[in-house]
Amino acid sequence: MIKIGVVDTTFSRVDMAKYAIEVIRNHLPEAKIIRYTVPGIKDIPVAARNLLLNEGCAAVITLGWVGRKLVDKYSYIVSSMGIMLVQILTGKHVIDVTVHEDEADDPEKLVEIAIDRARKHALNLVRLVKYGREALTRYAGKGLRQGLPDAGPLKE
Amino acid sequence: MIKIGVVDTTFSRVDMAKYAIEVIRNHLPEAKIIRYTVPGIKDIPVAARNLLLNEGCAAVITLGWVGRKLVDKYSYIVSSMGIMLVQILTGKHVIDVTVHEDEADDPEKLVEIAIDRARKHALNLVRLVKYGREALTRYAGKGLRQGLPDAGPLKE
Amino acid sequence: MIKIGVVDTTFSRVDMAKYAIEVIRNHLPEAKIIRYTVPGIKDIPVAARNLLLNEGCAAVITLGWVGRKLVDKYSYIVSSMGIMLVQILTGKHVIDVTVHEDEADDPEKLVEIAIDRARKHALNLVRLVKYGREALTRYAGKGLRQGLPDAGPLKE
Amino acid sequence: MIKIGVVDTTFSRVDMAKYAIEVIRNHLPEAKIIRYTVPGIKDIPVAARNLLLNEGCAAVITLGWVGRKLVDKYSYIVSSMGIMLVQILTGKHVIDVTVHEDEADDPEKLVEIAIDRARKHALNLVRLVKYGREALTRYAGKGLRQGLPDAGPLKE
Amino acid sequence: MIKIGVVDTTFSRVDMAKYAIEVIRNHLPEAKIIRYTVPGIKDIPVAARNLLLNEGCAAVITLGWVGRKLVDKYSYIVSSMGIMLVQILTGKHVIDVTVHEDEADDPEKLVEIAIDRARKHALNLVRLVKYGREALTRYAGKGLRQGLPDAGPLKE
């Protein structure tokens, strides 16, 4: 049985895991989802590590929320580097969904970004887990975006 | 017997460990608390590492204080990255409580932030140690904050 | 049989892998090319790692695209550090081709940069794989550039 | 026999090791001091590593000097991260004494900072080595500083 | 037989390796010099790693050139961190000679900096390899510089 890890935080202002889990259940119904909730983004990497190494997850999606202050940005870089290390240590994908609170002033817009990003990246995860390293190759160079409209490819 | 590590510094201007220890004693009375005091934040990660690997702590709470200067911020990033590495190395949570001296101009306010943050994160640590990876799931996406009022969830 | 890995992203707005693969096929026709497409640059290092450690690639070329925002730059630093770690872990070259969307305002120019950089670095990779550590020594100190005209050597 | 490592640089403009060694000799006369001088701060971590792993030092004090330019600050961050890694790798304290040339315009003041910081941190090192993890606990939260007057504790 | 590694780049605008090799040949004539040329600074650390781990070099000197743009500075930090990791991994010195193109506007001056820095650091390397950890101790705190006039010691 395939297991997928989902890590989220109590700092986040949107329950992004709900949307990610929905997508995973729809597209990978045979998977067991293992959820892990931590206080903030700096606690995410160790949770992802444990889901991969101790719980046997094939991949993890993480759902982080970053505040507007400079210290929040420091935390983001450190958390991001931690997720990087966990991937290199385990050889598994940890797809990182992060919303920065200063991406939009309007709270509704922010919610929209969060939900769209969580859903699209959950689908990316499913594709990579299900079909492997060429699952996304037909979209290579296509300027896809998550949380925002696609930028699209430039004319070559 | 469960052991919890507490790392603090002589650089800090508030004895945050006192408040963290109080919370741990109240909510996890069966735990043995092992304290380690170091000069400044860059000395914290090795102390946390040793409490986890040599003393057998199940988790560690660290209490750091960061000055107003740019070099203090550099130290914060490096210390933070060190705590990240210790967590990935050990697979244990190191809950990082940090107060930045420029979070408030009023010393009373700063003390308030420090105490509230130490207490709330000590409780986070207790919950994770006691109930595991879904202990905080009911607060996922709820916009909880430590040291400040909760931001609250956005309306989805 | 020699294997060369090619990692690219769906975030990119130019299908740079196409140009890199062309050069590799022309100059190293005996090589088997293994392609891996991921969502964005932060997913590149684990893909490169797996191509080197699991698929037995001799070297990898990665094709990344970085947006104009500050968060894109953070991602670039983290991704870059990840590629560094993968190289140190494996002892193999991971030649990193990155285009920053703010390198040019004109989309045509940007496409030109992307194609030239992908091609020239693919050739660098081929030379290193084929002829080893002194393959590029005759160009040492010559001020070569990829994606831009060569800066040339300074007069000693 | 206990061994203490002392790493310093030829870049530094004050012979800080002299003052640190004085303090160590006075307070830990039974220790053998092993000195290692490198060109600049980026060479410090490997020296500290070798003193700990190859020479059997119980702890190391490093004495670094950082110039005023931005590239000097980059070097500081990298050196600092290296010292962090060495500590996590070995489980030993590497107490880092760093003076930034822009901490004072007056050279006499700069010398004063350097000497005070080297002495006080040497004493910190001695205490940690001699009495262990609670040696500094009575100073926890007391706002101690090295190189500058103590900031003191805030009123709780 | 002692082996010394020399890593340089095709990005550089001065053939610094030539000057470094001259110094090594003069002061350490018994050494075998092994050269490795890579495209740019981010490719340096893996080359240094391989010279140390696979070729048995006792130490490595790296000769990097950094452009004026912000992305060049990012690359510098990542490359620098990579060289740090290689040193900690191997316990060997990797003496890093880097010239930043914005250190001087005048190309002649830039060439002068590059040559002086390469020569002086090659001599540092020779001394460390030949005489060990106290070879440079008589210059400790003397404010030595490479590529620029010595700053000299401050009056204690």
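Note that the chains are named A, B, C, D and E in the order they appear, and that numbering of residues resets to 1 at the start of each chain.
Just so we're on the same page, contacts are C-beta pairs under 8 Å (C-beta built on N, C-alpha and C of every residue); 3 or more make two chains touch, one makes a residue touch a chain.
Just so we're clear, the structure is a prediction, and the values are computed from it rather than from any experiment.
Per the C-alpha superposition, chain B sits rotated 70 degrees relative to chain D, a value rounded to a multiple of 5.
The geometric centre of chain A is 40 Å away from that of chain E, both derived from CA atoms. Distance between chain centres (mean CA atoms), chain A to chain B: 25 Å. Residue positions of chain D with contacts to 2 or more other chains are 77, 81, 85.
Under the stated contact rule, the graph of chain-to-chain touches is a ring, a single cycle where every chain has exactly two partners.
Each chain touches the next in a closed loop, which from chain C via chain E reads C, E, D, B, A. Of all the residues in chain D, the ones that touch chain E in their complex are 8-18, 34-39, 42-43, 45-47, 49-50, 53-54, 71, 74-75, 77-79, 81-82, 85-86, 89, 107-108, 110-111, 115. On the chain A side of its complex with chain C, the touching residues are 73, 76-77, 80-81, 83-85, 87-88, 91-96, 100, 121, 124, 128, 133-137, 139-146, 151-156.
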